[in-house]
Structures are given as C-alpha cells and as structure tokens.
Amino acid sequence: MTARIGVVTFPGSLDDRDTQRAIRLAGAEPVALWHKDKDLKQVDAVVLPGGFSYGDYLRAGAISRFSPVMETLIDQAKAGLPVLGICNGFQVLTEAHLLPGAMLGNDHLHFICRDQKLRVENAGTAWTSDYEAGQEIHIPLKNMDGRYVADERTLDELEAEGRVVFRYLDVNPNGSLRDIAGITNAAGNVVGLMPHPEHAVEPLIGSGRTDGLPFFTSILKKLVAAS
Amino acid sequence: MSLDTVENASKTPDVELPWAELGLKKDEYERVVEILGRRPTGAELAMYSVMWSEHCSYKSSKVHLRQFGEKAPQSDAMLVGIGENAGVVDVGQGYAVTFKVESHNHPSYVEPYQGAATGVGGIVRDIIAMGARPVAVVDPLRFGAADHPDTKRVLPGVVAGIGGYGNCLGLPNIGGEVVFDSCYQGNPLVNAGAIGVMRHEDIHLAKASGAGNKVIMYGARTGGDGIGGASILASETFDDAKPSKRPAVQVGDPFQEKLLIECTLEAFAEKLVVGIQDLGAAGISCATSELASNGSGGMRVELDDVPLRDSTLSPEEILMSESQERMCAVVEPSKVDRFLEICEKWDVIATVIGEVTDGDRLEIFWHGEKIVDVDPRTVAHDGPVYERPYARPEWQDALQADDANKLPRPASADELKAQVLALVSSPNQASKKWITQQYDHFVQGNTVLAQPEDSGMIRIDEESGLGVAIATDGNGRFAKLDPYTGAQLALAEAYRNVATTGAKPLAVSDCLNFGSPEDPAVMWQFAEAIRGLADGCLQLGTPVTGGNVSLYNQTGEAAIHPTPVVAVLGVIDDVARRTPVAFQEEGQLLYLLGDTREEFGGSAWSQVVHDHLGGLPPKVDLERERLLGEILISASRDGMIDAAHDLSDGGLIQAVIESALLGGKGARLVVPDGLDAFTFLFSESAGRAVVSIPRSEELRFNDMCGARGLPVTRIGVVDGSGDAAAVDVQGEFALSLAELRVAHEETLPGIFA
Amino acid sequence: MARVVVDVMLKPEILDPQGQAVQRALPRLGFDGISDVRQGKRFELEVDGPVDDAALARIHELAETFLANTVIENFTVKVEELVAGAEK
Amino acid sequence: MARVVVDVMLKPEILDPQGQAVQRALPRLGFDGISDVRQGKRFELEVDGPVDDAALARIHELAETFLANTVIENFTVKVEELVAGAEK
C-alpha cells in the first residue's frame, strides 16, 4: 500500500504541481484537492502548498483560511491528520490558528529568494523523521511575508516544548523572531515552514540539492508503517 | 455629448470631432473620413485613434521592420512568425515554444511599481494568447545614473513591481539586464520578456471565424483606467513638466491574471477555443478589430454586455479602456456553456459580448444603436505608414574619431589592480544579486539555470530532459557609436550567452528602444539598427519571430542611446548537459576561446575609468560567433568542459572574477604571449569565452578547436578555494576572493538597500 | 448608503518596518520633527441600508475575525459620513 | 505631542484588487449588505511640537510627494488627537 497525500489548490496557489511532483518522487501518490471541495478524498495526509492564494490580499493566507476545504481540514488536523504547510500554506495554518503566531512582511520589505541554510531542531514530527536532530540543510526560500512573530509567552512555550522545528542559520532572511523558520503544533502532526522543500528534491533543478526530499519520505514511512 | 450613432454621423457631416486631442494628425483624420465615406462617430474615432497610434500601428517603424521578414533565414524551427501575438518555434519532441519581449518604459517612470508590474502582465497575456503555458520571464532594465536620487525612486519600484507581479503569477524570473547610464535618467527602459511552452497542436491564433461563433470577454471588469493611454503614451514626447499629459497608469492584479492563465489553459485543453486575443494597448478596440480582421467573417458586438467596474463609462471610453487582465475568446455556440463553467470554476467573470457574422463589417452597438460600422482591416491593419526622413547625424564622425584606444592606460601593476577593483565594483559591472534575489527563480520546479548564469534555462520535459535557454542583451553605448554594429553586437552577445550554457540558438525576439522618430538622427539610428539586426539574423540562421518597438524615449531634445535589446532562444536536448558559469574544480585548466584585440570603444573600462564614450565598438564576426557557439555546444554535449563564461562588458577579468566568486574557487592567470596585461584583461573583443577544462579532456578539446579553426589560448588554472583563494594575474597583482566579493557584491545594496 | 471605516494598525509592540522606512526617509526629504511613523491599513466599506447598532456589531465582528488578525493587529471601527448619492 | 493621520486611498477610477478580494470573500463569511470595499493605507505620524498651519502644510507636502503617488492615489491629512503621555 502506498500513502495518498493530498495537495490543496487554492486560487493563486503556485507550487501545487511541484509539491505533487515531490510526493511522487518520494514514492507516494499525490492527490489533487480543490479549495471549494469540503471532501478530502480520504487522503492520509495533506500539504498546503506555496503561492499567493487570493493574491495574498488582505494578509497572506487570510482569505484561503475561510475556504470550504479548510473547514474539513481544521477538524481533521485537530483529530491528528498530518498536515504540512509550506510558505503560503504555513501562513494559512497560522491564520487558521492551527499553529500559533502570525506571519508578517519581511523586515527588509522586499521579496527574497535564496538558497537558505537551516537547522532541523525537531526530527520527531510526522514530516521530519528522516532528518537527524541538529542536521544542517539547504532549502530554497522565497517569500514576501516570511517574518514569524508571536508574543514572548508563546515563543517561550514553543521553545520549551521543542516545537520550533527549523531555525534559520547564517542569515535571518526576514526578521523572524528567534530565527524561527518552521514550527509544529503540540501533537506534532501539523508542521509549517517558510522554506520550500519541494524545490529541493532533484539534482540539477532549482538549487540543485535534494535536502527537501526527507519531508516527503518521512511522512510516507510513517503512513506506510501505520497502515 | 449625446450618443453619436452611425446614423447620426451620416446626417451631421459637419460636426468637428476632437481628433487632435486623441492624437491623430489632420491627414490621418481625413483618411478615416475617406475610408468611411462619412465622418466617424465618436466611438469610431476612438478606435482609429488608438489603433493608428505609433504604439499600435508601428507607423514609423513598419517600413524598416519589413526587413525581418525579407531577410529571414530559412529555418525549419519557425512555426508562427511576425505578426501574431508572439512568434512560435519548434523545439522538438512535439513541443513548441513562444517568446517575446515588450517595453513598458513610460508608465514605469510615472509609477514604477505599477508600470513595471503591468508590463509583465501584458507580455504574459501575449504568451497565453498563443495557447502556451507561460514558464518563465526575463527583464532587461535600464536606469539613469545609479547615484542619482531619482534612480532611488525608480529602480526599487520597478524591481518590486516586476517581482510582485511575476512572483505572484508563479513564473520564475531567469534572466535580464540592469544597466545604468545617465542617458536613461528621464526615460528608464523597462522591457519584459516571457516564454511559454505548448504542444504543436495547441497553437492558437487571434482570429474570429465561423459565423455564429460567440465572442466572450473574460477576466477583469472594464474600468476607466488607461483611457487614451495608447495614443497619448506613444505619440507624444513624454514631458515631465506637463502633468496633464501624464499617461494614466493602470494598477495590475496579478492574482486575477493567474486565474486567467489557469482558466484559459483549461479551456484550451478541452479544445473549446477557436480564436483568442489578449486585451492590451487599445483594449476592446484592438481585440475586436484584430480578431475580426484576421478571421473570415465580420463581428457584431453589444458593448452594453461588457462587464464594467464603473457604470458611468461612455462607449468611447469602454472601447479605449486599457484595464488589465482581460481576454477575448471566440467559442462555438455549443461550447459556450462549458467555457463559462470553467471561468466560473476559477471565479473569473465571463460574458458573451458578441458574435462572428458572415458579413465583413465590425459593428458595435450601444443601447440598441449602432455606434461603429467599419471594415475591421482598416482599423487593425491599414493604419498610416510613414517614410520618416533619416540622416546620419553630423556628430557621428566626431564621436567615432574620439578613439578610446588612445585613452591613458594604467601605468603600473598597482594602477591596473585598482582599475580592476573599480570595474568590478562599478554599478554596471557589480553583482545584480540585490535585484535578482527579489525574483522567484524556483517556482514551477523546472529552473536549471537562472541569474547570474549566462542564460536562463528551463526544463520542459521531465522525462527526456529537453530544455530551452534564453538570454537578453543590448549595449546602448556600442549602438550609439555605430547602430548597425551595435545591434549585431547585442545579437552576438545573446547568441553567445545561450551557446555558452550548451544550448543551440534557434530564434530571436527584440525590443527596440529609441528616441523620437521625428528626429532624423534617431530615425537613422533606428534604420541602421534594424538593418544590422536583420543582416545578423540572416547570417546566424536565427529568424526574428517578433518583438516590440518603443519610440519617443527622450527628454526634451535628448534621446536615449539607441538601445536595441535582443533576446535569443535556444534549445538543449538534455538539461543535464548544461554548462554553468561557476568554476567547479581546482586544478582545471582555463582556456580563452577567440581573438583578443585592442578594442576599447564603448567599453566598460572607458566608461568607469575615463567617463568616456567614443571611437568604434568592437568588430563583429558572426561566422566566428557561430563557430564559437558550435564548439561550446559540442564541448558541453561531450563532457569536455565543466564551466564556461562568455566575455562581454568588462572583458576577461570581469568574467574570470564572476566564475571564481560563484564557484568559490581562485584562478591563476598568465598573460599570454603577444598581449599586454591591460589588453588581456579589459579588451571587449567579441566572439570570446573562457572555459574550464578537466585535465583529462585537454587534448581532446584542443584537437576539436584546432580541427575547426577556432583560436584557443591556455591562460591559467583554477587554483585554491575559499575566501583566501585569489584571482592572481601572475607578475601583476592578486586579489583575494574575500576582497573581490566585497567589491562586487556590496555596491548595489550600498546604494539601494 | 453609509461608509464605515475600519482602521487596522499593528500592535505597538510589533515591529513596523514600513513605518520605519518612511520615518528613515524623512530627513533625506528635508522633514524633521516627526518622531514616529506607523503604517497600517484603512478599509472603506460601503454599507447598504442603515448603519444601526446591529450593523455596526456585525462589522465589528467582521473586523475581528477577518479584516484584522488580532494576534498582531488592533482595529477601530467608525461610521464616517453619509455619502450623498451624487458624490463619487 | 500630536498625531497626524494621513490616509491614502487609490483614486476611485483605479482598480483596487485588494479591496475587491476582500469584498468577494464577504458572502462566503456570511456577510452581505456591503456593496463596495476599498483598501488603502493609513499613516500615523507622531509630530513633535505644535501642529500649526505651517506643520500641516509641510505634512501635506510630504503626503503629496512621498506618501502618495498622486497619479493613482488620493490622500487626506488630519490631526487626530492629543496623545496623552501615558497612552500608547
């Protein structure tokens, strides 16, 4: 049995096809999900891909968060469905309060596209088990609104509970508090991050590295083991 | 004014219409009256005036542009040529590629962010209208002096606008240019190019045929923006002092355009579309008259059915509005419902506004009254054609006589070193990373090469690895010294950039940016540049598939440098064979391909060190360019080279420093016999590249070049890595990578961040 | 028809780089005497029908759940003016 | 210290994609009766010293040349309130 991983397309999603390709390259079956459908087609996990859903108008992720698909997704995520939010997907997850904090415009006020060095702080989530804790990886980053903010109490709590999953190394590309690049919920099934693992799955293409592939193999192993 | 119907116009021949305000000349207006056999209605006048503007009719440039057709080389690759929204080229395996470059210069000066953003939006709609999925964009840009205060307003806005629109559309930005020169102070050049990919059978053309077929407008509602923009924009010298003449600027909505892309492609996939046209300059006037005149029948349009953003618009304004993100499709009646359903799925507003008729007239109705009744060809294709006078300016001889080769050269190794640092840190030669990192290179997951490689490269087939490459180049300084040669140098450089990455150059698009065509000197530059480009394309076997002309780039009497920007598209069978710019491995041998002569006219060195522009540009030898290209392509295919970089502005030392910094590897260079260090490092002779060769391939590579007659010179070795490694010109100076990185990479952030 | 304005500003403790960028540019433009700049959003809502307490309460809720993200932003709601039919 | 507020809105004839996106989302959120939404910018400037006519004139000029691009935007300047020392 192979795992079926859904990828939601919102109007303005950009990396939905790339995410499907990454899922395929990892050996799982990508399933296209449509924002107007409440039906998750019984997938085993869901990725909310990058892009500018609804143009990022109002606030990144703010309008998508009210899509029909999100009604179901919010319930199922709370019940344990593995969910990964990449970039715009991360923004949707914070707007939906599945993850704490909020995303704001980069502190330098520009879009930034770079091959970003990260440290994997938590290799225990559904999406990071194929990494080692402390491992340093390079993953492309590209966003306008990547500055993670939360109040001090929330930040302390995230740190104390090991819920900071990725941290920026060398350069903090957007002014995120405590260099946070990605976080998880308390249960470890919902993960959001700004960099784009789906753009680091093939040699030659994009950054030319494959440091992003373990995201997709991690979830595949977990799902296959569970079935 | 009350509604001016066709009937009314026939009855009131003496009513004066404001043709001059709409940008028409007296004889042009008289010609309209002659064509119609009566005075035009207000709506007809609106249509003729925008469609006969310089921007839409190419009235000053047409007679010269013909050469691209007349001198077109025989090419099997050409599927659709000049005249359509964009040209289409066969790249093999059943794939076709469409690409084009366009200008959005004037609006970007007035409102940098929106002007540049809507420039990207417009060129991308041209690509969709051919039936293709857009896969990448490029942005050749030119600004005034980097340290001029107004450049700090214009550049960041333009860059943010290009990024804001392209990033939001999900199109990787894979190349372009950034050039600073005070001649562009009041006329920055914002050119934008796009590439799209489709299967051969999916090529669509802008034509309305089949009586009874429906005309559907879809996308954004029509608003009052950009009215008259097309004519006023393109036919008057832009004059800062008269705000009333400022062209209206449109605000773009990239999100809407992304939806347009998706729903258009879905409609294509289901074969629902007979003909299609984007709405750009001249809006509905252009789309309906072009669709109708390219098809077999006529067209009837109910203007009341156009979805409006502002209900107070007059029919004339609706016809002229340049609201962004709109398209027009011709659809068979039985397929209309499905077409509308797809639009609905993507939340795109779509409305049937008319149908194809079996007559030959374009008829437009408003509130039940006929307000336009024209032969659409007369609007779309029979615009005025001018043979503008042209003459070689009298200052040209003096300019050419002011020989840059006679400028004082560095007298010592220290001075040479200081000049190298001055060059690599000068705004034109410095790293453009601060700009290009504001563009998404990764989206769509097919980017093989992007900035700062010699050309951008996109994989188009995941299985076979088939890919396309594109490079854009232009050098206004060379073109000013000699427009014929300058245009050929732009072509040669873009061609070379494509070949350097291992792709075979196939076809050309261009964006010709010049001053006022009413100035005979400018017109001469324009004519010469076209002649040069057409001759060059014929010789290289790369046809011009389309392009764009931007005139009136001028502040008062002062025109910009003549600036033909050339885009070359190439194909590579397997992107795994691409050659990058960065040095890969220590110990590899560095070879210089081609001949180095004392050529400093228009060079970066003459500009940076002496603030000088004079003499003759480098000599062009297109046969040599072609040979060099063949060698670079073979060498990449056969795995003989690991890195390659073409030589252009700044000469050899600039190229070596870039390859070294990118790879994090040093280089030891030896000045070859017969050359002095200065000429070796700074000459800008064309037809050259540096390659890095594994030692095991040296013999084979030399044999290949020897057999084909390409001069090659061993100039050094890749040596050392990390920040302490150096670019070391033996017997002259050494500069550490750390030092070079600061010099090269901190200039633009220092000015603009 | 009435206009209701919702102003949304970042909470004071949240860094506002846009406002700062404006402020930093002021001396260059020859302006001084402005000690702080914050940049936020202004929404103008054209409301059909009367803006009574019930309507205002709903707009308040709209602002709270949608127009502002109260994790990072504060907002205010106010009725601006009666827009005369003729005005545009 | 006083606060001067500069509101910058797109001109009515100019497309406002952000406002439109918000408006189109309203029915989905269960809000109706709002016929138009426009989104603009709000700048809050903290002015040292008195906000007299001269100061206002200068802020007006600032708005015209820098905060707004009058090709596409309109703006208004108003003195908002006296900010008490304690408030923040």
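Order as written gives the chain letters A, B, C and D; numbering starts at 1 within each chain.
In this text, a contact is a pair of C-beta atoms (placed from the backbone, for glycine too) under 8 Å apart; a residue touches a chain by one contact, two chains touch by 3 or more.
Keep in mind the model is a prediction, meaning the values are calculated, not measured.
**Student:** Suppose you hop from subunit B to any chain it touches, then on again the same way; how many hops at least until you reach subunit D?
**Tutor:** 1
**Student:** Contact counts by the stated rule: is the higher one at A-B or A-D?
**Tutor:** Here the pair linked by more C-beta pairs in contact is A-B.
**Student:** Could you state the distance in Å from the CA-based centre of subunit B to that of subunit C?
**Tutor:** 40
**Student:** How many Å are there between the centre of subunit A and the centre of subunit D, using C-alpha atoms for each centre?
**Tutor:** 35
**Student:** Using the average of all C-alpha atoms in each chain as its centre, how far is it in Å between subunit C and subunit D?
**Tutor:** 7
**Student:** Where in subunit B do residues touch two or more other chains at once?
**Tutor:** Each of 253, 255-256, 347 in subunit B touches at least two other chains.
**Student:** Going through subunit D residue by residue, note those that touch at least 2 other chains and give them in order.
**Tutor:** In subunit D, 12, 17, 21-22, 25, 29, 39 touch at least two other chains.
**Student:** Check each residue of subunit A and list the ones that touch at least two other chains.
**Tutor:** Residues 54-55, 57-58, 66, 108 of subunit A touch two or more partner chains.
**Student:** So, with touch as defined above, which chain pairs make the list?
**Tutor:** In this structure, the chains touch in these pairs: A-B, A-C, A-D, B-D, C-D.
**Student:** Considering the complex alone, what residue numbers of subunit B touch subunit A?
**Tutor:** 160, 163-164, 167-170, 253-256, 258-259, 346-347, 437-448, 459, 462, 575-576, 578, 753
**Student:** Going by the contact rule set out above, which residues of subunit A touch subunit C in the complex?
**Tutor:** 58-59, 62, 66, 94-95, 101-102, 104-109, 149-151, 175
**Student:** Spell out the residues on subunit C that touch subunit D in their complex, using ranges where they run on.
**Tutor:** Touching subunit D: residues 1, 7-9, 12, 19, 22, 25-26, 29, 31, 33-49, 55, 58, 62, 65-67, 88 of subunit C.
**Student:** With touch defined as at the start, can you tell me which subunit D residues reach subunit A in the complex?
**Tutor:** Within the complex, subunit D touches subunit A at residues 17-18, 21-22, 25, 28-29, 39.
**Student:** Name, in rising order, each residue of subunit B that touches subunit D in their complex.
**Tutor:** Residue list for subunit B touching subunit D: 110-111, 114, 220, 223-225, 246, 248-253, 255-256, 309-310, 323-324, 347.
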